[in-house]
Amino acid sequence: MEEKKNAVIRAAANLRATLGLMFRHPLAKAGLVIVIVFTIMAVFAPLIAPYHHDEIISDSSGRWLSYQRPAAKFWLGTTDMGRGIFSQIVYGARTAFMVGLLAALMVMVIGTVVGLVSGYFGGWIDQIIMRVVDFVYGIPFLPFAMVLVTVLGGSRWNIIIAISVLLWRETCRVVRSQVLSLKERPFVEVARSAGAGNLRIIFVHLAPNIYPISLLYGVFAVGWAILTEAGLSFLGFGDPSSCSWGKMLQEAYLSQALSQGVWWWIFPPGIAIILIVMSTYFISQGIEEVVNPKLRSR
Amino acid sequence: MKPLLDVYNIKVDYKTERGFVRAVDEVSFSIRSPQNLALVGESGCGKTTVAKAILHLLPDNASISGGSITFQGQRIDNMREREFDRLRWCQISVISQSAMNALNPVYTVGDQIMESIQAHERIGKREAQSRIRELSEWVGLPPERLRAYPHEFSGGMKQRVIIAMSLALDPSLIIADEPTTALDVIMQDQILEKIVNIQRQSLSSILMISHDISVVTEVCQHIVVMYAGKVMESCSIEEFYEIPCHPYSMGLLMAFPTLEGEVKRLISIPGSPPNLFGAVSGCLFHDRCPFRRSICEQIAPPDVEVSPGHIAKCHFAHQANEFRLLSTREDTWEANVA
Amino acid sequence: MKRFYGVTWVGMLPCLVLVFLMTVCTTVWAEDMPKERLVRTLRFIAYSPGEEKNIAEAHKFIASQVKKLGFQIDFKPTLRSGVLQNMWFTRNFDLGTLWLTGRPTRVDPNMILYKLYHSDQDRPGGYNWAGYHNPEYDRTVDASATAMDQEERKKLIWKCQEIAGRDVPILTLVHQMNLSPYNNKKWSGFVNMVGNGLKNAWSWTQAKPLTDDKTLVVGYHHDVGVLNPLTAHEMNLMVCRVVYDSLVKVGPDGHPKPWLAESWKYLSPTEVEFYLRKGHKFHDGMPVTARDVKFTFDYILTKKTPYHYDACKIIKETKVIDDHTVRVILHHPFAPLLGHTGEQVFILPEHIWKDVPEKTNVDKAWMWVPTAEGKLIGSGFLKFAHWRKGDEVRLEVNKEHFFAPKYEARILKIVPSPEAMLGRLEKGELDIVADYPYDGVALKKLCDAEPNLSLTMEPSVGWYELAFNCRKAPMDDVVVRRAIAAVIPRDVIAKNIWKGFAVPAYSPTHPMLKPWYNPDVIRWEKLGLKGAKEMLAKAGYEWDSEGRIYYPKGKTN
Amino acid sequence: MNSLRFFGRRLFHSVFVLLGILTFIFFIFRLMPGDPTALFISPEMAADAIQEIRKAFGLDRPLYVQFFLYVSNVCRGNFGISYYFFEPASRIVFEHLWNTLVLTIPAMCLSYLIGLVGGTLLAWKRGTRLELGGMVFALVLRSAPVFWVGLIFLYIFAFKLHIFPGGSITDTGASYGGFIEMVLSWKFFHHLVLPLVSMMCYFMGLPLLLTRSSILEVIKEDYVEMARAKGIGERSVMFRHVTRTAILPVVTAFATAIAYAFEGSVLIEMVFSWPGIGRLMVMSMLGNDYPVAQFSFMILAAMMIFMNLLADSLYGYLDPRVVVQ
C-alpha cells in the first residue's frame, strides 16, 4: 500500500519533471501553442465555423456560390459546390484530432503493454509476441489500411482502427528493448525481494520508467495517424459523411483546383495538416530531450 | 635547466547562461623532467580544466583568457591545432579519467593503439604490431586480447590498455587524469606500480591529477594544491606532509589515510567550495577555514614563499606551525561552522 | 444504514410513478401510427467520392431530396466494386445509381431499351437490375427488335419510352457531356459522332496533322487491360476497336456505314449478304476473306465467348458465297443487326485464331493474351506496336488500310491524375483527350484561355441513372417511384452538380437520335414536392408528427 | 559463426510469418466488397456470360477449396492469373515493381545522404540559429503530406515553369530495347526528377534528425576527446570516431525506411502518373484483381521482413556490443 503510494507519487513527480523539461525546449513551446489553437478550433467548431462543413451556400436567387474568392463573407473562399472552406477547415480539425489522438492513444497503450509483458516475462511468451510483431511488421502499412477500411467501411472509427492495428509495432519493439535493459536494474530485484508480484513490478516499477519513451512514440503516432488519414482520404478511402483535410484535398484534386488557380482550396488544408503534424514533431523534440539527456543544450 | 612544462598564471573562463565563470585563476606551476607533479584538490576545483587547457581540449564555451603555457620552451596555449597535433601523443599523451568509456566501443583495442601510433609515425604495420605486443606485455595485458573489443574488458584491463596506449610513442609528458579513481584499491595499487616503474624506465614525466593525495604521494615529487580554481599551496611532497603551510592542505591531509597506515581518525572539511559566480572577497577558503581572522574576509592573501619552491596562498603562512598542531584535532574542524 | 435505505426508497417512489406515467403517455401518443406501417429505412447504394466527384455530389443531393418525402435513408457510399457487386449479384438495395458510358453499339435504341428494361434481363449479371417486370413492355420491345419497317419500329420504340417513363423503374437523370479537348494548332479533321463525341473510329481515321509531328497522342484516364478482341471491356476497346475491323461501323449520324463490308443486301428479313472490300489484308499480310468472317461468327458461337456471344446468337448460319461475299442467316428478323452485331464483332484472322485455345497455354479463347506472343494482329487501320503497362499503348498506322489515316502513329497515354491531364493538355504533351472524365469547368476555363485548344461537347448516349429496386416494398409501388421522380429536378442536377456539362435525360433514348427519341415522355418533376406528397396521400400514404412516412392501410414492409 | 546462425533462424521464422500473411490477406481480400467479374459486365454481354467468367476464374468453387488451390499453386511458384491483364500476376507485379524500385531507391539513398550530412552539420552548429532553422525546415518537410507537395511541385515546375514533364515514366512514344536502356536514358532521368524530389522532401527529415541526435550523443563521449588527445587530426576524429559510431541507428533506420518507401509510393505514383507497384496495388484492390493484389502484398511483406532482418543483423555487425541471439 505504502509502497504503491510512493510509486504513484514518484510517477507523478516524474511526470511533472518530464513536462517541465519538455516545454523548456523552444520548439516544444511553439508546438504546444499550435496544438492549443487547433484544439480550440476543434472543440468549438460549431461556434467558430460560420456554416456547416457540408452546407451548400447559395445567394438570394438560389444560385450556388461556387469558387468564391477569399473575402469578408467567406474567409477562405468557397469550393466548387459553394461550401465554405474556412468552415471545412474548422470541422476538419475535429477529424484530425479524433483520428490523431485516439489512434496514438491506442498505439501507445497496445505497444507499451505488449512490449512490457514480452520484455519482462521473456521466454516463450516473448517468442510468441515477437513472432506476432514480425507478422505485423510484414504487413505493408498504407495498402493494408486501405483494405481494412474497405472491408469495415469508410468511417473515421475504422480508419482509426486500421491505423492503430499496425502502428503499435514500433512502440512495442522499443519498449521491449527498454524493458530488457531495465529489468536487470537493482530496483527490480529489490521490489521482487520485497515480495512484489509480476504485475506490480511491471506496472508500478517498470512502467514509470518506460513512459517517456512510449510517450515519444505516441506523439510520433499522432503525426503518422493524421498523415495516413489524409493519404487514405486522398485516395478516396476516407469517411464520406464527415469532413477531413485529406478529403478536402481530394475534392480539390478531383475538381482540378490547381489548374483553375483556385489556390484557396488547395493551400489551407495542406497548411493545416503541416501545422498540426509539425507541432506534434516539435513536441516530440521536447520529449526526446527528456528521453536522452545527452541532447540537452548546456 | 629549463622546465619541460611551464604553466604561468593561466586563467580559464567558462561562458554559461549566467555569465562568465573563472574556473581556473592564475594557476602556475612547472615540471622539470624526470620529476612528476601532482595536481590535487576537491572535484570541481579546476584541476581537470587545467589539464584540458594544456591539451587544447577545452569545450567550445571555455577559453584561456590569460597566462601562458610553455612546453619544451615553446608556447603551446596559442598554438594552431595543426601544429599542436604534431606534439600530441608523441610528446604529450593522456591517461584519461574514465577508463570505462575512453575506448571507442566499435574498434578493437589493438586497432586503437595502432591508430595512435600510425597517426604520428610512418612505420610498417608489422613493426607497429610488434611494438604494441611489447607494450601490452609491459603493462601486463595478454597480447592475444588485443583483438578483443573494449566491452569485453574489465575496468582494470581497460586502464592498462589506456596506459599502454599512452606509452606507445614514449612521450616526454604523460597527463594522468584521475587514472585510478574508477578502480578498486587492489587495482589502484597495481596500476600505480605500473605507472611508477614505467616512469622510471621511460624518462617521461607525469602530470598526475587526482583528488586523492595518498595516490599521488607514490608517484610524484612535487604537489600543487588547488582550491576553487586557485593554487593554495605548491611544494614538494615531503614538505607537503611535514610542513603544510595552508589550512586547506592540512584539511586534505587529515581527510585521507596515509599509505604508511598510521592510525588516525579521518575528518572531512565542513562546508563546500564557494560559488564561483559571486566574486568572493578575501581568501576563497575563509568561510571553511578554522583559523580565519577578519583580514581573511577582506583581503585576498598573496602568494607567500615559505621556503624556496614552497608557496602558500595564506596571510598566516608563517604562523602555520600552531595551526598544524590544532589541525590534527578533529574538533578544530567540527567547531568551525561557517 | 437501514434508515438511509428507507429514506431512499421513500424518495424514489414518486420518481418511479413519474417514470411509469411517462412510459404510458408516450405509448398512448405513439398509438396514432401503427409501427408496422412505418416505411423502413431505405438502403441507397452509391459510389464513394473516390470515383467520380459529380456522382458523389449527386448522391448527396438525391438523398436529401428523397428525405423531404419523409423517407429515412441509410446513405452509405462504398467503393465502386462494392456497388457493382450489389447491383449485379446480391441486389440488396432500395435505391441505387449507375453510370452508363456511351458506345457506338449503344446508339441503336434497342440495346438500352431491351437490356435495361426487359424482364428476362433480371438475373445475376443482367442489366435489368431494377427488377422491372411488365409483360406489355416486354412485348413492345421484342416487337421493336424484329420490326424491319422504319416507321413501325419508331412507333414501338416511342411506346417503349412512354411505358418506361410512366413506370419509372429507372429514373434516367442526365446525359453527361462527352468532352473532347484537342490541340487545334497541331490537329484537325476530328469527327463528332452523335452520343459519342470525338471518341470514334471516324475521327481516328480522318484526323489530319497540321505540323510535321505525325504522332497523335491520346490522353486516357484509365489503365488498359488485357488486349484480347474477345474480352473487350471498356478498358481495351480504345485499342481493339482500331486494331480490328468490323463489317460495318455506326456513322457520325448514328446510322450504320460501310466498313469492312463495302455494301450489303437484305435477301429477306432473315438473310443478309455482305460484300467485303477486295484486296484488304491483315497486318501480317494475309488477305481478309469471307472465310475469316464465317470463321469469326462460328468461332464465337461455338466458343460462347462472353463478350460477343450475345451479339451473334441470332445468327443461325454463315455461308461463304465467294472470297468476298458472305451470307448471314438469322433465326428471326433482327432490326439492329448492323448497328449491334455488325459494329461490335471484330473480324478475326482465321490463320491465327484457329488453334486458340487448343495450342496455347490457356483453356479459354477469351483468356488468351495475344500481346504476350506478338499475335495481336487484325486488319484495322492501326497496328499494335508496344504497350508499357500503366503508361502507354503505341499503335502505328496500317498504310494499306482502306481508311488509312494521314498520321503515322497513335499513342494512348494513360494519365490517371486529373491535374496532370489538364496540365499536359496545356503543355501540348497530349494532342487530344477523347472522353475527358473529370470536372468540365476546369477544362472549359483552360480551353477558353488557350487559343490552341478547342473543346467539343456532345451529350453522351450513355447516362447517369437512379434505379429503384422494384422487387420489394416500398419501391414495388409505382406511386412511390413516381413521387421520388417528382422531387428530383434533373435540370438542377445538370446545371448545378454537373455545372452545365450534362443535359437532362428525360427519356432512355438519346435526344439526338432521330427518329427514335420520344420528346413527350412524362416528366414527373413537374409535380414538385407538393404534388408528390398529394400523389402519395391519394394512394393512402400517411405521415406522423415527425414527418416520417407510413404505408397505406394493409401494406407493410 | 554466431550471426550467421542467427540470420538463418530468423529467415526460417520469416517463412512461417510469410505463410501467415499469405493466409491472412487471402481471406481479407475475399472479405472486401466487390466481385472480380463486375468489371466485365456491359449491356453488350449476355447476363449468363458472367457465370462463364466466374467459372473460368474458379470463383464458383467454395472458398476453402479456392484457398487450398491457391496455396498449392503458390508452393509451385504459380501466383495465379491477373483477372485484369490475364497474364501471370507475378509478371505483372514485377513489371511495375521495377518502375517503383528505380524511383524509391535513388530517393532513399539521396535523402539519407543529405540527411547524414545535414544532420552532422546541425550537430556541429548545436545551439545556433542555423540549427533551429534547419530542424524546423526538416520537420516542416516531414509533416507535409507527400501528395500535396507533389501536386504543388507538379503545378509550379511542370505546368507553370515548364521545366519538367508533367508525369509518367518517360517520353511519350519513346520505345526502348529493354528496361535498363530506358532507365539509363536522359528522358527517363528528366521524368524522374520531380517525383524523386517530392519523395525526398518527406524522407529527408528522419535521417537528418536521427543523425543529429545520435551525433550529439556520441560527440560528448570520452573516447572522442581521447581521440582528439591522440592528435590524429580533426577529420579522422570526426569520421573514424564520431560518425562511425553515430551512424549505427541511421543505417538500421535506412533498411526499414526503404520498405516503408515502397508502400508509401502509391501517393506519389498517383500524382505523377508513375506506373509503379503502389498504383497497381490500389487498382487491383479496387478492381478485386485478387491474384495481383495478393502477390504485390506478398512481395512488399517479404521486403519488409527481409529489410527488418537485414537491419538487425547489420546492427549486430556494425556494433560489437550487440550480441545477436
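The chains carry the letters A, B, C and D, assigned in the order they are written, with residues numbered from 1 in each.
The rule we apply is simple: a contact is a pair of C-beta atoms (placed from the backbone, for glycine too) under 8 Å apart; a residue touches a chain by one contact, two chains touch by 3 or more.
Predicted, not measured: the structure shown is a model, and the values here were computed from it.
Asks: Moving step by step between touching chains, how few steps can get you from chain A to chain D?
Replies: Tracing touching chains, the least step count from chain A to chain D comes to 1.
Asks: Looking at mean CA positions, which chain is nearest the middle of everything shown?
Replies: Minimum centroid-to-centroid distance belongs to D.
Asks: Among the chains, which is located farthest from chain C on the basis of C-alpha centroids?
Replies: So the farthest one, by centre of C-alpha atoms, is B.
Asks: What whole-number Å value describes the gap between the mean CA coordinates of chain B and chain D?
Replies: Distance between chain centres: 56 Å.
Asks: Can you compute the centre-to-centre distance for chain B and chain C, using the mean CA position of each chain? Integer Å is fine.
Replies: 92
Asks: Measuring centre to centre with CA averages, how many angstrom lie between chain C and chain D?
Replies: 38
Asks: Compute the distance, rounded to whole Å, between the mean C-alpha positions of chain A and chain B.
Replies: Centre separation, chain A to chain B: 53 Å.
Asks: Would you give the residues of chain D that are in contact with at least 2 other chains, written as numbers and ranges?
Replies: 32-33, 151, 154-155, 159, 270
Asks: By residue number and range, which residues of chain C touch two or more other chains?
Replies: 78-79, 82, 417, 419, 423, 426
Asks: For chain A, which residues are shared contacts with two or more other chains?
Replies: Residues 150, 235, 253, 258-259, 298 of chain A each touch two or more of the other chains.
Asks: Note which residues of chain A are touching chain D in the complex, please.
Replies: Contacts found on chain A: 26-27, 131, 134-135, 137-144, 146-148, 150-151, 223, 227, 230-231, 234-235, 246, 249, 253, 258-259, 266, 270, 273-274, 276-278, 280-282, 285, 288, 292, 294-295, 297-298.
Asks: Using the touch rule from the top, collect the residues of chain D that touch chain B in their complex.
Replies: 221-223, 225-234, 236, 240-241, 244-245, 318-321
Asks: Help me check something: in the complex, which residues belonging to chain C touch chain D?
Replies: 78-82, 84-86, 88-89, 100, 103, 105-106, 111-112, 115-116, 121, 123-127, 215, 217, 223, 225-226, 228, 231, 233-235, 304, 306-311, 313, 344, 362-364, 367-369, 372, 385-386, 388-392, 394, 409, 411, 413-417, 419-420, 423-424, 426-427, 429
Asks: Tell me, which parts of chain D touch chain A in their complex?
Replies: 13-14, 16-18, 20-21, 24-25, 28-29, 31-33, 126-127, 132, 135-136, 139-140, 142-148, 151-152, 154-155, 159, 213, 216-217, 220, 260, 262-264, 266-267, 270, 278, 281-282, 285, 296-297, 300-302, 304-305, 308
Asks: Can you name the residues of chain B that touch chain D in the complex?
Replies: Per the touch definition, chain B meets chain D at residues 55, 57, 81, 84-90, 93-94, 96-98, 101-106, 115-116, 119-120, 149, 151, 162, 165.
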